[in-house]
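For reference, the structures are reproduced in the following blocks.
Common to both upcoming complexes is chain A, partnered first by chain B, then by chain C.
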Partner chain A sequence: MSTFLVEVLETICRTDGVRGALLVSAEDGLVVAEAAMEGLDAAPVAALAASLASRLTLATEAAGQSQPALIHLEATEGALFIATGEAGLLLVAVTEPDVNAGLVRLALLDAAGRLA
Partner chain B sequence: MKAIEPWVESPLRTFLAESSARVVLLMTTAGQVVAQHGFTRSMDVMSAAALGAGIVASTAELGRTLGGGPLAELVHQGTRQGIFLASFDTPRGRWIALVVFGGESSLGLVQLFFGRMVTDLAVAAPVEEPRRAVLAEDFERDLNASLRALFGR
Partner chain C sequence: MTDQITRWTAELTADPDSLAFLQLGEALRRRGHLDGALAVARRGATRYPDLAEAHDLLGRIHSDRGEGDAAFDAWTDALRLQPEMVGPLKGLGFLYFRLGDLARSARQLEAAAALAPGDPTLSVALARVREQLGAQPDGPPPDPYAEAEGWAGTTMLLDVRGRRLAGGLRRPDGVDASDAVAARLAGVSREANRATRLLDLGLWQAVYLEGRTAHFVLTEPAEDTLLVVSRGPDTPPGRMPLIADRAGVLARRWLEQVG
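== the complex of A and B ==
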């Protein structure tokens, strides 16, 4: 796994409340790189996050809007953040429920910029 | 969807709904069809089953030749659709799954829900009855019943 990619993901994981970060192939839903995913199975997260991003992109396109830059899914026991990156890649962060969403968004968008 | 064994239907139906796969064929390693979804012609099913079983046998041998074990799964990613081919253990022996998926799904989703279907099949499989002696009249009747189940004739 590329050291640079892991470094970028570890930057996201330094944000309080982030349980893990993934770089996912948007088309395949496969894990490209991962960091700090202890206790989490990366493959299902990657597959479902890519599926969610794909469906939301279809929905926004149908509504005449551009592709979503960031997706935030909040659940009772945690949250999922997905940022669309370059070259068909998605940056995914899995967080605790009470995380500072603004900080996670900043970290993800900054990481997406570094990968561009 | 058509299945020879009724207990296969529920796990397969769940897999189809979750993965959004277009075509699924479950077969034994000998190429005998167990269940199918998405095929319209019986000839296509037979050809796909024979080819799928042949590919799995070839790649297993290739894996051994290269010094490893048999390959777990094989994926062909085309521009408009992908093909996922994998063998797996069931209480009724080793089976093969051939899955065709398009842009509405992904390889990650197919892999994820394929793993769950394998678990569901292991749970759903009834305890096997003791084997009976094969009689000519039973063979004819069972063969016709299988063909009716798979192709609705």
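== the complex of A and C ==
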């Protein structure tokens, strides 16, 4: 696994409340790299994130808009963030419910930019 | 009344745990001393958080102060503690009536009237609400988003099978994209549920999409429905939940009217 990719993911995981982060191939939902996925099975997370991102991208394109740069699935006990990077990669973070969403957002968008 | 207020005040001063705050707060409210009443009621509700009567009193005071949201919260708290309580049901019935939500108003007032069949204020209020409900024109109510200022073409309610229920979305070139977007969002609730269940994240509340040309938020205002709201990229991301909340209120009201 590339040191650079792990470093990008570990930067995201340093944000308080982030349970884990992974890099996913958008096309097939396979894990490219992962970091600190405490108690989480990376493979199904990757598959679900890719499927959700694909469906939502199709919807925004149908509305005549650009693909989403960031997807934030908010739930009662946590959240799933997905940032779309270049080269068909998705950056995914799973967080606690009381996480600073603004910081996670910035960390993911910044990391997605570094992958460009 | 003044003597009683003096007596209850003395009682509370001597014994801060006394339930006399209920009578004192109500007496002050009736005399129009709403700031004093609120202070007394708040102290009482803080000391007795599980006492439904304390929250009911707070609801009445907030309502008199024109603070509908706070009154709603207080009466909802009271009913959570004591579901069969006439005061909060009646209060909520009046609140909904003021908001124009006649169906909910009737339901709350009916529940209150069942508990207090001899209350003349309830029978009069209920008759008035029913009269207005009956006076509503036949047919489905107007599209909740068609007339809302600035919302036309940016807000859509659909069912879980991807069929538009109300509102609509337009592409930037003005072309109606409602059906195309709705079809692609069919099953997204199920997918969101699967993701949150797998990740032990509880129940999904909303999906926010932040894009270069537009932001979107998806919510589930009622079972088996999905609400999509879009806004321009200049909309601060933090405003999207507020916008979605308002759109959700309209959606729920519309769904109730449709039946």
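By our rule, the second predicted complex is superposed on the first by the 116 of 116 C-alpha atoms of A that agree within 3 Å, B and C clash if a C-alpha of one lies under 4 Å from a C-alpha of the other, contacts with A are read in each partner's own complex, and residues count from 1 in each chain.
Keep this in mind: a contact is a pair of C-beta atoms (placed from the backbone, for glycine too) under 8 Å apart; a residue touches a chain by one contact, two chains touch by 3 or more.
This structure is a prediction, so every number in the text was calculated from the model and none was measured.
After superposition on chain A, the partners chain B and chain C are accommodated together without colliding. Of the two partner chains placed by the overlay, only chain C lies in contact with A:Ala63; chain B stays clear of it. In the superposition on chain A, A:Ala50 makes contact with chain B only, while chain C stays out of contact range. Applying the stated contact rule after C-alpha superposition, one finds that A:Ala79 touches chain C and leaves chain B untouched. Greater residue coverage of chain A by touch, when chain B is weighed against chain C, goes to C.
In the superposition on chain A, no contact is made by A:Leu115 with either chain B or chain C. In the overlay built on the shared chain, the residue A:Gly29 is in contact with chain B alone; chain C does not reach it. Between the Cα centres of chain B and chain C, as seen from that of chain A, there is an angle of 100°, stated in steps of 10.
Legend: residue contacts after superposition of the two complexes on their common chain; A:Met37 is shown touching neither chain B nor chain C. Closest approach of chain B to chain C, taken over C-alpha atoms in the A-based superposition, is 9 Å.
Residue overlap on chain A between the chain B contacts of one complex and the chain C contacts of the other covers 44, 48, 51. Against chain B, the residues of chain A that register as touching in their complex are 24-25, 27-30, 43-44, 46-48, 50-51, 54.
Residues of chain A touching chain C in their complex: 39-40, 44-45, 48-49, 51-52, 55-56, 58-60, 62-80, 94, 97, 105. Residues 169, 171-173, 175, 177, 180-181, 183-185, 187-188, 191-192, 194-196, 198-214, 216, 228, 230, 237 of chain C are the ones that touch chain A when the two sit in their complex. Listed in rising order, the residues of chain B touching chain A in the complex are 77, 105-109, 111-112.
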